[in-house]
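Two complexes come next, and they have one chain in common, chain A, joined by chain B in the first and chain C in the second.
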Partner chain A sequence: MDLGPYLFLASLEGAVTAAVLALTAVGLSLVFGVMRVVNVAHGEFFMLGAVLAWWVASLAGGHPAIGFALAVLVAPVIAGAIAAAADFIVLKRLDYDPENTIVATIGILYIIQQTVLMTYGPDARPVEAPFSYRIYFPWFGYSAYKLFVIAAAVAILLGVWAIMARTRIGLVLRATQLDRETAQAFGIPVERVYALVFGLGAGLAALAAVLIVPIQQAHYLMGGDPLLLSFIVVIIGGLGSLSGTVVAAIIIGMSDGIISVFFTPTLAKIIATLLVAFILVFRPTGLFGTRSA
Partner chain B sequence: MIIKKNKPVIETRRNVLKTLAIGAGAAAGASILPGFVRYAQAQSSAPIKIGFQVHRTGIGAAYGRWYDRTTMAAAKLINDNGGINGRPVEIVAEDDGTDPKRGAEVVEKFATQHNCDIGFGTLFSHVVIGSAPRAGELKLPYFVVSEGHHVASGMLNRYTLQPGITDVKSQVQAMAPFVASTLGKKVTMIFPDFAFGHDHRDYFSAAVEAQGGEVLAKIAIPPTESSFTKYFPQIPSGTEVIYHVMVGPAVLTFVKEMGEFFGPNRPEIFGFIDSLEAVDLGSSGLEFLEGTYFWEGNPRYAQADQSEHDKFYREAVGVDDNGASISDPKDVSTYSHMFGCWETLHIVKAGMEAAGYQGPADRAKLIEAVEAMTDMPLSREHPQGAKRFNGKTHQTFGHQYISRVESGRLVLAHTTSIEDTLYPDETDYTTQSF
Partner chain C sequence: MNNKSKSLALHGGVIAALFALQFVLPAYHHGNLARIMVLACYAMGYNVLFGYSGLLSLGHAMFFAAGMYGMALTIQHLGFPPSAALLTGIAAAFVVSAVVGFLALRTTGVAFMIVTLMFAQAFYLAILNLGEYTRGDEGFVIQQADRIMAGVDLSDASNRYFAALILFSVCMAVTLRLVHAPAGRILVAIRENEERARMLGYDIFRHKLAAVVISGTLSGLAGAGYGLLFGYAGASFATVQYSIFPLLWVLLGGAGTVLGPLVGTLFMFYLIDLSSGLTSAYMLIAGAVLVLLTLFARQGLVGEIRRRFAPWLP
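Let's turn to the complex of A and B:
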């Protein structure tokens, strides 16, 4: 294949990776930014979204688009509700102590993973894409659904931005992020905000998974890679900075796509991890991070 | 007199020694005997325990599910017909998570905790390679159903045998003439990046070059990969045939994305059915496979000339004519591999009967009895086809099948002979001591 089309395909693949990664990582970043909780179970909420999407789609029947549309609505809500419950039952009791919450979320990771294994089973199950149109470029064919994923992710991210910047809930979230105690003093119900944020973060991961599951398949071990990549992105972007997270997701996603296509996916992962190491050494707050109080 | 006097002394000393020896022998006998008697009494009823190392979770789970069903069906058949040497067979299943480290632990559990007579049933090559050394150390006969070339290559040990399924080297060697003469000589290979895939890479490229063909590119993909489009641009433009073999939970994505990438202008495609084991051929996105070829270890769809033995076996395991579960047509079997469990259990039965196997003390005898086996005809015990076992390399050889996708079904196009699959011995396990 010539260099031009080669690069074109690499960029398309990179953009899909970046789109899904941005959604997942923004969820992780939000949780860290507001709650100062490093959520190690984040990848499992992603997996939960995919498994729930399969469940909803297989119950719905009819045209694949119906099941998919239902999954987009239902799966993130259920995953978010489970996360909010986990926050209420576990994290709140630990007073959000940074070390303890890491251990606790590792526990949540295993509980979710093993529960899915025991109920949904060890198989990879496909969810049909809402439409199966393919675009044929002169050099290669490409699934139109993947382009839809990019567009959908951009739309959802704009929505998240609008909520954070333009709504009262966003104001409350930002206030809690800036200073928890002052926010509480001003009558913000911090505990409920925390549950909401934890649910929202998990919901975003689940939504990303619903988008990706017609391309990949739902499997109980699928949460590992998104977790690793989300951490990489969040560290590079600056912990707690949403815009930084998006920029970092685009950098990592695009470079992953391009390096994977031209060289090997393993090299892409090595470079991303190396980048994290350099960021931690030379700019510990990340590209867009600010020093936390 | 002096001699006479001395003699009794010596005799006495000897007698003492003798008495001691007899006493010790008797004591030993007495301590052994009750156990022996108990064992002899139990002999008629105590089950033969077969440790079944099964990939219930992890990337091999789909295979594990069907290996389990096949093994249970074979054990039921054996038990319904009177068991082995008059004793029932008990399958002791342990999940290894498709993980080599866990695999070695499971083997250890079989030997020391469950007191199994043998270990059996492992598929994924990295788990076999991780577990077999421990089986050798524990002197536990280890009957694998893996396809990997690691048994015949001499890499493992005398306690590890693969009598019920052919190995990759013999399979690809038998495929190469068909690929080179029917599909094309310029081949690009796509394979999973671990031992099993490397067997494909090494032995197919050698075999196709022997046919005057050429491998243009070898594309290795990690078995845990979930997205594949990024690998396809590495396929050189002069490629006439894509040779693909993939495993793991994402095989359907792999084949679908290959179809998306090529669109209507695909080259010839030859795949190992591993790429679509346990996957419904009617899944959306697989339409492009029409007219492509697959290696099958055992034809998934009941063919026009189906043997009575395949019919019997299919029914016993619970598989319909499309290769799916009788109870759920979406639950597609791993038909090209799981027959190995059925055949291996019947070989274990034949071996134990030939060896007069009584218990773990006869493990070496069992291995020698299996090593002495050669031709196994197509039969109820060997529904996939006739086999020829090589006792020196601990590896069986058999027919291979090439099927073409026609109207969304796999239709048998070519059957290789056993001779097509033979290669010179690379080891002789019988020279190793027990």
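Let's turn to the complex of A and C:
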């Protein structure tokens, strides 16, 4: 292949990565923005989404599209409900103290991961894509499902934006984000808002995983990389800024493919992690953010 | 007795008890206790930073591994004798902690946690990337012939126990000395109220940096000792999990207490030892304990004893 088509393929793959990453990172960013806590267990909710998708799809049987559609509806709701319960049982009692919350979410990370290991087992399992149509470009054929993932992610992100900007719930969320005490004084049930946001953040991660699981496989350790990448994206995009997060996800996702052309994957990860560390050291607000961690 | 001699008597008594235990313990627990003492050194190093200075690091595995690889790589590739290799390990941890501390201390709170986590992750990936020398995840065994220090074979069980006890005593002495020294008091002052300590004229950055370096070097000493005594170095010791462990041990035993790390390590080691007999998902226990600790016992076991019965405990 010439360089042109090769780059075209790389950017298509990059766009798929960026789409899934944007969904996952927006979930993390939402939780940080509104609640000002870092959810270290975020990657495990992603993993939970993938595992639940496999479970739902294998229960449903029939045409793969039925299982997939059910998974899209069910998996994020269950993952979100588990997250909301964790918020209600654990984080609320810690009074959302930032450092204690990190320690507690590390604990939640291990609880979820190891429970999945005990029940689902150590195997990686595939979920069948809802359709196996291929689109033929002049140079190569490309899975239409991957293009669907991009479109779906864009639609969901627009939905999140619409909720945040146009609805009453979004108004309540933004009010809580701006000033927790004043919001409470105006009769906003802040505790319930927090549980909702924590569940919503986890649900977005789970939804991203449902979309990706026909391409990757579901495995109990799959939460590590999305967590790391989401961290990177959220920090580069500016802590608590949703639009910054999306922009950063696109930059990171698209450049991911290009970086791994020049470097080995491990070296690429080393560069990325060091980059995040140095950005936080020298620009604690992130590249586009205004508020420090 | 005043508080200082009480504390000396107590800690001397603990060391004497650990010395006496080696004659009565069955072989399995004898080996375990040697391991626990070395890991408790790691926890004590972590405690200097977390317990006394109030800085929560999520990257201490980096210092532990710096000590371990500083020791193991020089034995393996440069043919160093164990004593020189041990010193190289300590020096490696010293340098790494000084550099990381200098950079990471520009941030505070959550950002400090993430920065240390990211540096440690980069360190771990670097170990994997240099697989040619480090053999990555698989790691490598340090041959018995390379573990004879000053004529003492460290692979022998009772020598090993004794070496572990010496290592433990050194770390405990360093911690006690620090806690009783003015510098240690200043660290506690910074933990309790950084702005006030600054206003009183203390150089906050310098003291915090010293805390990171002492903490990192002790952790590196533990890492080098662990590699030397148990004859193995592997990348798994540099993973996030090994940064979480000392946090868990210290939280469980009691942050900001000298004996807490030993108690926490002992307790958690046997908890995981027992549960790994039942299930392969033993980290579930670690997770549950972390959550329960943050919810119900922020002070840890020794911290609770101090609060209720013995306010003089250092």
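Everything below uses one rule, namely that the second predicted complex is superposed on the first by the 274 of 293 C-alpha atoms of A that agree within 3 Å, B and C clash if a C-alpha of one lies under 4 Å from a C-alpha of the other, contacts with A are read in each partner's own complex, and residues count from 1 in each chain.
Definition applied: a contact is a pair of C-beta atoms (placed from the backbone, for glycine too) under 8 Å apart; a residue touches a chain by one contact, two chains touch by 3 or more.
Since the model is a prediction, treat every value here as computed from it, not as a measurement.
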For A:Val77, decide between first (touching chain B), second (touching chain C), both and neither. neither
Which partner does A:Gln113 reach: the first (chain B), the second (chain C), both, or neither? second
In the superposed arrangement, does A:His219 touch chain B (first), chain C (second), both or neither? first
I'd like to know which partner A:Met254 touches here: chain B for first, chain C for second, both or neither. neither
State whether A:Ile188 touches chain B only (first), chain C only (second), both chains, or neither. neither
Does chain A have more residues touched by chain B or by chain C? C
For A:Pro98, decide between first (touching chain B), second (touching chain C), both and neither. second
Which of chain B and chain C A:Pro126 touches, first, second, both or neither: first
Looking at A:Glu13 after the superposition, I want to know if it touches chain B, chain C, both of them or none. Which is it: first, second, both, neither? first
Partner chain(s) touched by A:Leu280 [first = chain B, second = chain C, both, neither]: second
Those residues of chain A which chain B touches in one complex and chain C touches in the other: 117, 266
For the complex, which residues does chain A have touching chain B? 1, 6, 9-10, 13, 17, 117, 121-124, 126, 128, 132, 134, 136, 140-143, 215-217, 219, 221-222, 225, 257, 260-261, 265-266
Any idea which chain A residues touch chain C in the complex? 38, 90, 93-94, 98-100, 102-104, 106-111, 113-115, 117-118, 228, 231, 235, 264, 266-267, 269-270, 273-274, 276-278, 280-282, 284, 292-293
Residue ranges of chain B touching chain A (in the complex, touch as defined): 56-59, 61-62, 64-65, 222, 225-227, 229-233, 237, 249-250, 252-253, 257, 260-264, 278, 283-285
Spell out the part of chain C that touches chain A in their complex, as residue ranges. 56, 58, 103-104, 106-107, 109-111, 113-115, 118-119, 121-122, 125-126, 128-129, 244, 247, 251, 279-284, 286-291, 293-295, 298
